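What follows is a pair of complexes built around subunit A, which joins subunit B in one and subunit C in the other.
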Partner chain A sequence: MTDQDRPQYQQLLARKVEVVNVGLEGFVKDLRDCGIDVVHVDWKPSAGGDPQMAALLAKLGV
Partner chain B sequence: MKLIEDANRQALTRILEGEPRLIDIVPARELIPGLRERMILHAGPPISWDRMCGPMRGAVAGAVVFEGWAQDLPTASRLAASGEIEFHPNHHFGAVGPMTGMTTMSMPLFVVENARFSNRAYCAINEGLGKVMRFGGNDASVLKRLAWLRDVFGPTLGKAIRAAGGIDLKSIVARGLSMGDELHQRNLACSSVFLREIAPWMARTSTDNAVLAECLAFIGQNDQFFLNIAMAMGKVITDPANGIRGSTIVTTMCRNGTDFGIRVSGLGEQWFTAPVEMPEGLYFAGYSEKDANPDMGDSAIVETIGLGGFAMAAAPAVAGFVGAGAPSEAGNFTRSMGEITVAQNPEWTIAAMDFAGVPTGIDIRLVVDSGVVPVINTGIAHREPGIGQVGAGVVKAPLACFQQAIVAIAEDLGVS
Partner chain C sequence: MNVVVLNEVRKGFYLDSVALMRLSREVAGSPGVIEAALMMGTPSNAAIMRNAGLLEEGTAVKGNDLVIAVKAESETAAREALDNAIKSLDKPKTQGEAQSAWRPHSIAAAVKVRPEINLALISVPGEFAASEARKALNRGLHVLMFSDNVSLEDELSLKQQARAAGLLMMGPDCGTAVIGGAPLAFANKIRRGRIGIIGASGTGTQEVSCLISEAGAGISHAIGVGGRDLKKDIGGITTLMAIDAFESDPETDHVVLISKPPHPDVAKSVLERIGRSRKSYTVCFIGASEIELPPNARFSPTLKGAAELALGDKKIGAGFDANAVASRLPRSGRGGIEGLFAGGTLCAEAQVILAAAGRKVASNAAIPGVVKLGVEPNAGRDRLIDLGDDEYTRGRPHPMIDPSVRDDALRAALKNRDLSVVLLDLVLGYGAHADPAEHLTKIVADRGQDAPALIASVVGTEQDPQGRSAQVRKLEQAGILVAPSNAQACELAVAIVQNAGR
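== the complex of A and B ==
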């Protein structure tokens, strides 16, 4: 079976993996401990995940 | 929302266009018409005696004795507890005060005028370090220094300021930022530049060399002397930005040792309060967090205009002093505050940030959306009255104040 015949996710893992981690920072250390390059994006859902506040903010132009 | 964006643009313009100038030192009773006998102005949002923290009560007792409303401290405390003393926030009278923020009728106040909008703001004179009323100190040495400020220093410096035709403050701040000040926990550069500007005028107007030397030494020995001037400057800059309907820009942040309070331009004089947090920082030898009082003071007005914790990148030495990490991390504070502000101030730049302006115009929408709250550089007072400063640190504004304000402005604008 050639690389082209493998499912896409297997092709991805056959090469050097580089990760963009969004949100919870806890995953970053584990990946780095495995020698994987990780770029962490410090992101939280709007208003800390409070849907009512997030909806209000959206109406106020955020 | 166009109404909000237009209102915020107007509020920001008013903040940036301010032309603050120190023009005088005058006894509080002559500046604040409503300030009368047995009335004390304090830092932070409104608070009654029964909810005041230890240092605030200590300062109140000292102020009562200082004004001659009681003969001694125990009598003064009883008088305050009995309801005989009237308490109001400095902010309701165009004033600000550091830490406990005591303002009473005979205290001399800096007068800062905003030439662009013809408004004025006031702040008492910084007492120096050690045992001082702003940290709750109230013994004889504290009251003696206050009397000297009232009878000697205030009139001497006031005469010099008037003779100089006032002192432009924006340029001093700009220079201070380039010399390592962030204007809250480090005012060494601004105090020195101020002394350099005012010293010749003090020499010209003083008739007593001994008094002159004493006054010059008082300024020269106090690295935080300029803080109180910067606070009055913050107040005079933000006041014209208050009361613009729809604006979500913060115009006041302050604390009284019990509550943290904010006011927002579009909501005028309305306070939004939440329990104040404990600063995280470093303690002087012999003290620890067990001794600390929750944060207090009107001094967060400097953060409200983009200085203090917002300008941490200008003062890497302060990051270490307040326990905020390595000096190389100071820029992170300023970058983080950039996420909750709508602009940078082009007149106040930070060399270490490639001359980016200090982050200015805190938008409550950005605070609540991101969860990033304003950081404030602060001194830490002992929780017991009369002891004074025990450390310095960083405190975060409570998110709840900003959430309440979002709900209120949505109601005001008919948004649900």
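== the complex of A and C ==
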């Protein structure tokens, strides 16, 4: 089996990690200090801050 | 005393929990303020504030509102503190690294512009974490979910979705992972090497990886799975995928699996899968009795033991003699031990070692065979507290980020004449407090001559931002005994109380 044929989770260990950070901003500096590319999301609770509505929207792919 | 409570609600204003902690502390330190909190208005945070009497009658908040709540001795003091908090919030942000870079508003926007992104690190409040993880999985990203307070139903459904898509879902409550040298969440600067780690616990992975690294060997990758992955409900979904991932990783020769004792059915399927592996394994089910293992695996009930097996039976801290250290110490207290841990797995390991030494133990995060605090009577027992447990972290940062969670309990322990020993852990590395030793030494500086002995272990490496030896030196200068590992700190605690009893 070639690397390309393996499921993505088996390829993760062989690939360069590139991160999207959602939440604590402090993690961004740590990753950059280790040479990891990272994009920080300027996150706010979705669905007007209603967790149940946010979960529903995420399930619907919104 | 006259007590005044004032609230200010900022609609649609988000700050992360570390920024909120800093501001909360600033406001709480204002003259005349009894208590203050800055929190996002999520349902669980609103309940915390309501229970603390910090929400005014009729104040309605939503999850995307920032709530500033001040309880003060007078209307003037409350108003002044509130005004200062508002001024701080309105101050322009400093141009930190994350501010100066491009900041998309969603995972979707980030991935659209940077399709190379392959992993989402999620640490938003628990109520919203599952939604963000689902968005990441929908876009083909692996996920490390640092957030806790996520339901078991959500965890199962996210892990099932991830497995179906061939993606790795690490967490929720995944404290650490190191993938290809990338420290994700709390992680240490460890040597690269050929030992892999699968950890259902954050600090367990940190302790084992640091002990291995400080002993001169190294780690290929550390995959976190979350504390509940090996429970019956989840069935070890991520653990089994991690075993597969290491199987095909040419950089890994040996794997250490760390978890609290799994459900027997889950243990069976995990051990059966390990038995089919071409690689050798160390299985560390903390607190489990010896279990039947396949020929390619060896068992350790402790983290230190697991690191030693992974190192090919090399002894860690071989020059450390707990009995010799204990024999040189003056006696104090009535023989009790209290452990105040930032690391949950370090607390579990302490329970294993104290119980094995014949001590009667109670804990808020009790392993099998240990009395659960608050549920069963615990008079006369050693108390081992996991300060990272949900009851202490709801609405506030983890004690590894904010060590002040430990301060009140530590001050009380220092005056408790029943205690002969207080056990402590300091966890260094990325994401952790910049100088936990400095914080700790300030708290214990004015302890009495007859205060219990303080014993600490430091989880970290010399290459960590805080520097292990510099932290150890600070502790030792403050009269705190530092052991080479958490296990040896516990052995020293036992030796001291046995010595005191002679």
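Operating definition for what follows: the second predicted complex is superposed on the first by the 35 of 62 C-alpha atoms of A that agree within 3 Å, B and C clash if a C-alpha of one lies under 4 Å from a C-alpha of the other, contacts with A are read in each partner's own complex, and residues count from 1 in each chain.
Note that a contact is a pair of C-beta atoms (placed from the backbone, for glycine too) under 8 Å apart; a residue touches a chain by one contact, two chains touch by 3 or more.
These numbers come from a predicted model, not from an experiment.
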| item | value |
| --- | --- |
| Touching partner for A:29 - first (subunit B), second (subunit C), both, neither | second |
| Touched partner set for A:51, first subunit B, second subunit C, both or neither | second |
| Winner by number of subunit A residues touched, once subunit B and subunit C are compared | C |
| Touched partner set for A:39, first subunit B, second subunit C, both or neither | second |
| Contacts of A:59 with subunit B and subunit C, given as first, second, both or neither | both |
| Shared subunit A surface residues [contacts with subunit B and with subunit C] | 44, 46, 48, 54, 57, 59, 61 |
| Subunit C - residues contacting subunit A, complex | 12, 14, 16-19, 40-43, 62-65, 96-98, 101-107, 109-111, 114, 116-125, 127-128, 130-132, 134-136, 138, 140-142, 146-147, 154, 162, 165-168, 179-185, 220-221, 241, 244-249, 251-252, 401, 430-431 |
| Touching residues on subunit A, where the partner in the complex is subunit C | 6-10, 12-46, 48-51, 54-55, 57-59, 61 |
| Subunit A-touching residues of subunit B, taken from the complex the two chains share | 1, 4-5, 248, 365-366, 368-371, 403, 406-407, 409-410, 413, 415-416 |
| Residue ranges of subunit A touching subunit B (in the complex, touch as defined) | 44, 46-48, 53-54, 56-57, 59-62 |
